[in-house]
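Each of the next two complexes has subunit A plus one more chain, namely subunit B in the first and subunit C in the second.
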Partner chain A sequence: MKLKDWIAPFYVWKRAFEKPFTVPKPLKERPGSPRYRGFHQNDLDTCIGCGTCSSICQNHAIDMVPVDGIETHKGDSGLRPRIDYGRCCWCALCVDICPTTSLSMSNEYVWIDTDADVFRFIPGSEKKPWDSFKKGYKREEEYQLVDPRRIEMEMLPPEERVKSFLEMVKGYSREQAQKEADRCIQCGICTATCPAHMDIPGYIKAVRENKIEDGLKLMYETNPMPAMCGRVCTHQCEEDCALAHTGDAISIRWLKRYLADQVELDDYSKAMPVDILSNGKQIAIIGAGPGGLSAAYYLRLLGYEITIYEANDKGGGMTRYGIPEYRLPYDQLDKDIEYILSLGVEIKYNTRVGKDISFQEIHKESDAVLISIGLMLPYKMEIPGEDLPGNISGLEVLDKITRGEKVHFEEKVAVIGGGNVAMDSARTARTFGADVTVLYRRRIEDMPADEEEIIDAQQEKVTFITQAIPLRIEQAEDKRLSFIYGLAEMVDQGEGKRPKPVLIEGKEFSIVVDMVISAIGQGADFSFLPMEYEKLFSRKNQLKIDEFFRTRDSKIFASGDIANQTKDAISAIADGHRAARSIDHFLKNL
Partner chain B sequence: MMKDILKRLTEKFPISEIEEQRANMIFVTMPKINAVQCISYLKQFEGFTHLVMLAAVDYIEDGIFQLTYILHNYELHTDIGIRVQIDRKQPVMESIHTLWAQARTYQQELKEMFGIDFPGSPDIDEPFLLEGWQNIPPMRKDFDTLKYSQETFFPRPGRKHYDPQKYMKEKLYPDKEPE
Partner chain C sequence: MKNRDREKFPNVLNGIPVIDLESQKFLKVWQGPQHPGVTGNISLEVTLSGDEVVDLKTHVGYLHRGFEKLMERRKYLQCFTIVCRICVPEPDTNEYVFAAATEELAGITIPEKAKWLRTLVLEMARLASFLMWIGGQAGALGMGTIAQWTVAQRDYILDLFEELTGARVYHMYMVPGGVRGDIPDGFIEHVEKVMKGVEKVLYDVEIALLNNAIFKMRAKGLGYISKAMVDEYGIVGPNARAAGLARDIRKDSPYLIYDQLDFNVITGTHSDALERTFVRFREMLQCVSLIRQVINKMPRNGAYYTHIPNPLHWKIPAGETYVRAEASRGEYGYYMVSDGTEYPRRVQVRGPSYTHAIAVLEKLAIGTNLADLAGLMVSLHTCPPEIER
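Moving on, here comes the complex of A and B:
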């Protein structure tokens, strides 16, 4: 035996106190890589329960379930995803599609339990050690399965718009519409927000699949005026669109317009074959606005004989006489109305109830009467000098333009108010070349007008003076008017309430104009109702209506702007539909 | 350097498309019939001795599978990708296991996942991951993963799903009948 063999065993001891190269067991920390797709995290406050994670899951691993403490409200279903880890394959499609980016994955991957059922859990709701992990798989901002930008709608440039009443929005081509429809994730969160609860995902799908007639039919189930709504609806649905959380909302309104535009009126009956069996019962509707027309349509489908009494020579109500032609061309409104008439609904035009025919007569001859007269009476500013010549209401301006009457717009015009009537009057005056200033008592962000109308008016170079309270109108030289207003400060009214404009004493300004257009709101004109119907009112000019649109007279119902808070066309249409169902119910159960 | 290689390549092979993704990453597209010849040339004469990977994409809407061979040149630290489009109805491609023995593994996988055949490749018909698979190859776009998952795996007890649109109707605006 050699000497080396004797020494060798001791030789290894030389390394005994060095740091070993091997990893000691048991392993203490084995973190997943920074972008590892581990257990899910969900920010419950950001999540809106749209269920897109559940729909995209290729393993059927995600259920949408109610969670304690999360309320269902507009824009949030109140549901949250529950993931079955018995099926999850960690592909992260759910994270990639999540429109709010609330869903992500931590890099944690060890979870040991003897009860198999715990692996079906609601991330974010059931507290887990990895809830606060920063590392893991998050969707990169630039990586999106759905295009976050909407297809731009082509519009006439502002300098062209002020020259004429041509429709300013051009509408989508088929290619554009299908591309826009393709962005929709079909979650249906918008449906609850729409006052008429239209099946928005349904008709967007029809656009995508180019099933135009199916789409039209679907729209008519909840809204018999899609050509009109496709243009001027207040589109609250788009505010709650799931995609609006990290990108642009789907252009729901323009897609509705696209569907209505694709079918000629003559082909409506082919797209929507109806078989109306008359039941012989008579319904009188007062007012051929969206509310009255909508009720007429749905009642007619149920077999009722409908007569609408309309004071004007055309139907459409405020949508015709209050919305300028560049936003809603009259032929489009006619298309919606013509179709309803084609089903056998009769409109008696130029028939003002209370003047041309008495209310009692209508009441006597009909099985039910629906009052849907809208708000056509402009409020007065109640300031001195209001009766001076040169002061006119916004409604009167718009009404005259619609009728083709001449309105002589002078050089400088002041419009008082911040609603849609004010914006439409201001923009109409611009079209006639006037220099227009809008005065409003609150701030721009407080204006009840649609945001896009305000932006369009600004683009068309309408001047805005805000926090201006009307004080009086005085006669100035050369038949001009001096409009005197006081500056207001906004006083906070506590949470959830609009701040109130309060006049600052001594801060008076004036603006000399040729014309003052007041558009500070409008009320209903109930003067057609005889004294004996006094009992229908809860207070001055306010009909008492229950949730089924019944008044205190069992035969009289009311809907439209006089019956709801939002006072827009789509709410009137929704009301009309519900009032129709309600009337049908009461007449059947008499 | 890469310019020269590309120049020689275009002279020798009918390249239909060149995409320079980075200075050291270039993709060329060529007909199926020339591809293996080209790969062989790159390996023998241009120093692309390393097969990085071989992958396929199903372009079902165009009726083709696109194969991508990525080769690496150690001296130039450069990658070249050779793209070949093959008919989806006749998914057959020449094998390259004679150039790189390990190519057989990629080809075996492609056979199983996409159904692309490489005649002559060793064990090409043996299961790669999916033992006893009796469906169309799962990476084909017409394979319905969700349907397969629903049919194959039983639903676990205790699961219940609420449709958001219907649930919101129930909660916020249920149909109400007047009494």
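Moving on, here comes the complex of A and C:
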């Protein structure tokens, strides 16, 4: 032991004269650091109540509860996270995974109360001093637990597409599909949005786990035409996908297509073994479109004997005769239809009700009749010159192409309308080499057509003229047509309503074309119904149906485009399913 | 001990000492589970003869939270938030070995910058742990003031953690795939400021503690670990290094970016409590140097996180691995088994305290003075939370 060891320690007595570490009273509150994980904040308007925060929480500290002033609506469950601070460990995984970034944390960390129950609170709903704090833990842009970008679908390039009717979407490989399915957070917001309420998280899980047959079975529980819907569904689910708020939505439609494509038709019966016990009751379905086929499938599973009357020589309705082959190859549609027929559904092709067989006869022979005729009658523009040669409707064009009939497209074509039929007609005309101009009354963003159809059309060099109101068609030189339109201005109609195009007087323009294709909408053709059924209509061409899809005649039901507002295939399928349930209910309780 | 009077010790029958309390030769004292002389919730059942320890049993179980079992029912990312709680004074080693084991099994490579940030956090954690320890070491031998200085410095390091990770104690920063955030503005300057403060306090500690005659006299010869014992008992870290064995995971199997840093393994010779204090003291200075090296060499740009599969249903291919790192107390490792599902099949935490606080302490305590027992226990730098996961 050295002498130094005895003396040196006294050196630190100097500390007696230094500033102490301790903070004297009154205590000043020290704010948390800018990244501090303090109390939660939630922007209730941004939050969609997907519940992913609740799923990731390893302490079960978050549950989803209804909140005053928040209504359940499309794309929003109406629930909001309630956090139990008796369980929370401030790990902030809820913030990290929040797909809308509504949930974050403030840097506040002092909250004193004598009532323990207040620490179970709904951030954003219960007003707290830290609600407006800017500092605190927020997820950084670079750090994302779920990949915000989707796996891009491979497509034929636009210059290839316009050359043929080959299917333009190539489909996912197994690796791509699994990677895309991995992005799903399984919140189920899409299920609520889907008109058929398909178990989307369920079949995406099947893709992820490569349980293809389970996935197929799951899809058939709510949708008997997955190969078709996997290609041309309007996919409202993807609009509401939680991931679409800060990134790309899951490619739900392509994953559905992937599942349907993996199983050959011959293997369907193995994947979905059914045991149908016939109950002997006869159901007649008029129209073999998605609505009719869907009803036929579910009624057949319940044991009914089904006869479908179809005016055309093939089934599928509007999905066959209104959608070009590059979007929906006919063999895929056939696959869906053939599976339904394989269950014992009878279909009478080339049988137009009212001409080849009378409605009364069907009505008499069947226990119930389902009218599912779709909208096959194109609306007229109701403008002068519409009857001049060179005018044709979009539906007629598409119908003829499907039947393999020749349509002679002239050099310059005008397509009137902004729906899917207009886009399909325009793109079909492009395929035949025509120079196509689309004229629409409103703006591009108001077009009812699918966004991707519009984009595809633009890529394929279709010209768009918007806010153009058709005025008249005049004969021009060399058998050409002069299409005259007026410019419109958009007049706001108040919140929640589409702006209305109003003609600006004196602003008239014209384009000279060889052909005018009008595709401004279509209606139903009820001419097959005899006069005695006049009572079924609430107004002209509008069947009156109740919530069970039943008309004023208790034996007659209606579904498909004639019965719903959305007028797309998936809604028709959903209605077909519901109508089937109603028919079953009705017949069982006779 | 050979010169001592064997009379004091109990008779040994079949290798087990027979302690006859009725004889009034022996006294049984419980030190813990709540006691300033133990390093947490652990209990020492001490049998004394006079004030000399003749037998010691370590009792654990007061802090068992079942983390290993909890992890078997939690998804990988959810486990990440609970592993830090296994060791309170130095949670980051747990975070690192868990993340590294997960990444190894899942085949994920983390970005370069994440490696530097992880190293920075690990060294800061080691330093914070040592600062807390040296306060305990001095306090156990009667010098409470040292703890007040060093724990205050540790708090400044916790401020740094708060700034970088968003939390003071349980940082939850080293997420599988990288780290959760980049360096905030002004952080580097704050680190330098705190390091200067730490150096100043360490200088004072050196004078007041390491040059203190009383401390030296009490710590010298206390808890001697022979070289042979090191392998026999599985002694690691500074305890092994003080025995003269140059063992350091950071050198022996470098992880992260330790191979790019300039440092030597610090060893001692005497292998008693005093030597271990010297070794750890020098390691603290080494930590300061390493932290400075990291912040100077660290890449300023680049990604700090790489995408992992969706954590809600992240399945890791079946496999097993053992990943280890050098904590302040020595080799710290996770043996992880995955069976291809969303949950780890088994996570075994290997903390150095298990051997240090049970087998080693029970052996070294025999013959020590009761008053030195706390000093001995702290000199092994034991941490009960990691004994009972």
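As a working rule, the second predicted complex is superposed on the first by the 566 of 590 C-alpha atoms of A that agree within 3 Å, B and C clash if a C-alpha of one lies under 4 Å from a C-alpha of the other, contacts with A are read in each partner's own complex, and residues count from 1 in each chain.
Just so we're on the same page, a contact is a pair of C-beta atoms (placed from the backbone, for glycine too) under 8 Å apart; a residue touches a chain by one contact, two chains touch by 3 or more.
Note that the structure is a prediction, hence the values are computed from the model and not measured.
When both complexes are overlaid on chain A, the residue A:Y36 reaches subunit C alone and has no touch with subunit B. Looking at the shared chain after the overlay, A:P530 reaches neither subunit B nor subunit C.
In the superposition on chain A, A:D63 makes contact with subunit B only, while subunit C stays out of contact range.
In the superposition on chain A, A:S54 contacts subunit B only, with no contact to subunit C. In the superposed pair of complexes, A:E140 makes contact with subunit C only, with no contact to subunit B.
When the two complexes are overlaid on their common chain A, residue A:G433 makes contact with neither subunit B nor subunit C.
Once the two complexes are overlaid on the shared chain, A:Y11 sits against subunit C while remaining clear of subunit B. Once the two complexes are laid over each other on the shared chain, residue contacts for A:G303 go to neither subunit B nor subunit C.
When the two structures are aligned on the shared chain, A:R87 is found in touch with subunit B, with no touch to subunit C.
Taken together, the two complexes place residues 58 of subunit A in contact with subunit B and also with subunit C. Subunit B makes touch with subunit A in their complex at residues 145-146, 149-150, 153, 155-156, 158-165, 167-169, 171-173, 176-178.
Remark: subunit A residues 1, 4-6, 8-9, 11-12, 15, 21, 32-37, 52, 55-56, 58, 89-93, 96-97, 137, 140, 142-147, 182-186, 205, 208 touch subunit C in the complex. Interface residues of subunit C, counted against subunit A in their complex, comprise 74-75, 77-79, 81-82, 145, 148-149, 152, 155, 159, 162-167, 170, 172, 178, 180-182, 184, 204, 207-209, 211-213, 216-217, 303-305, 307-313. Listing the residues of subunit A that touch subunit B in their complex gives 49-51, 54, 57-60, 63-66, 72-74, 77-79, 84, 86-87, 117, 120, 187-189, 191-192, 197, 201, 547-548, 550, 582, 585-586.
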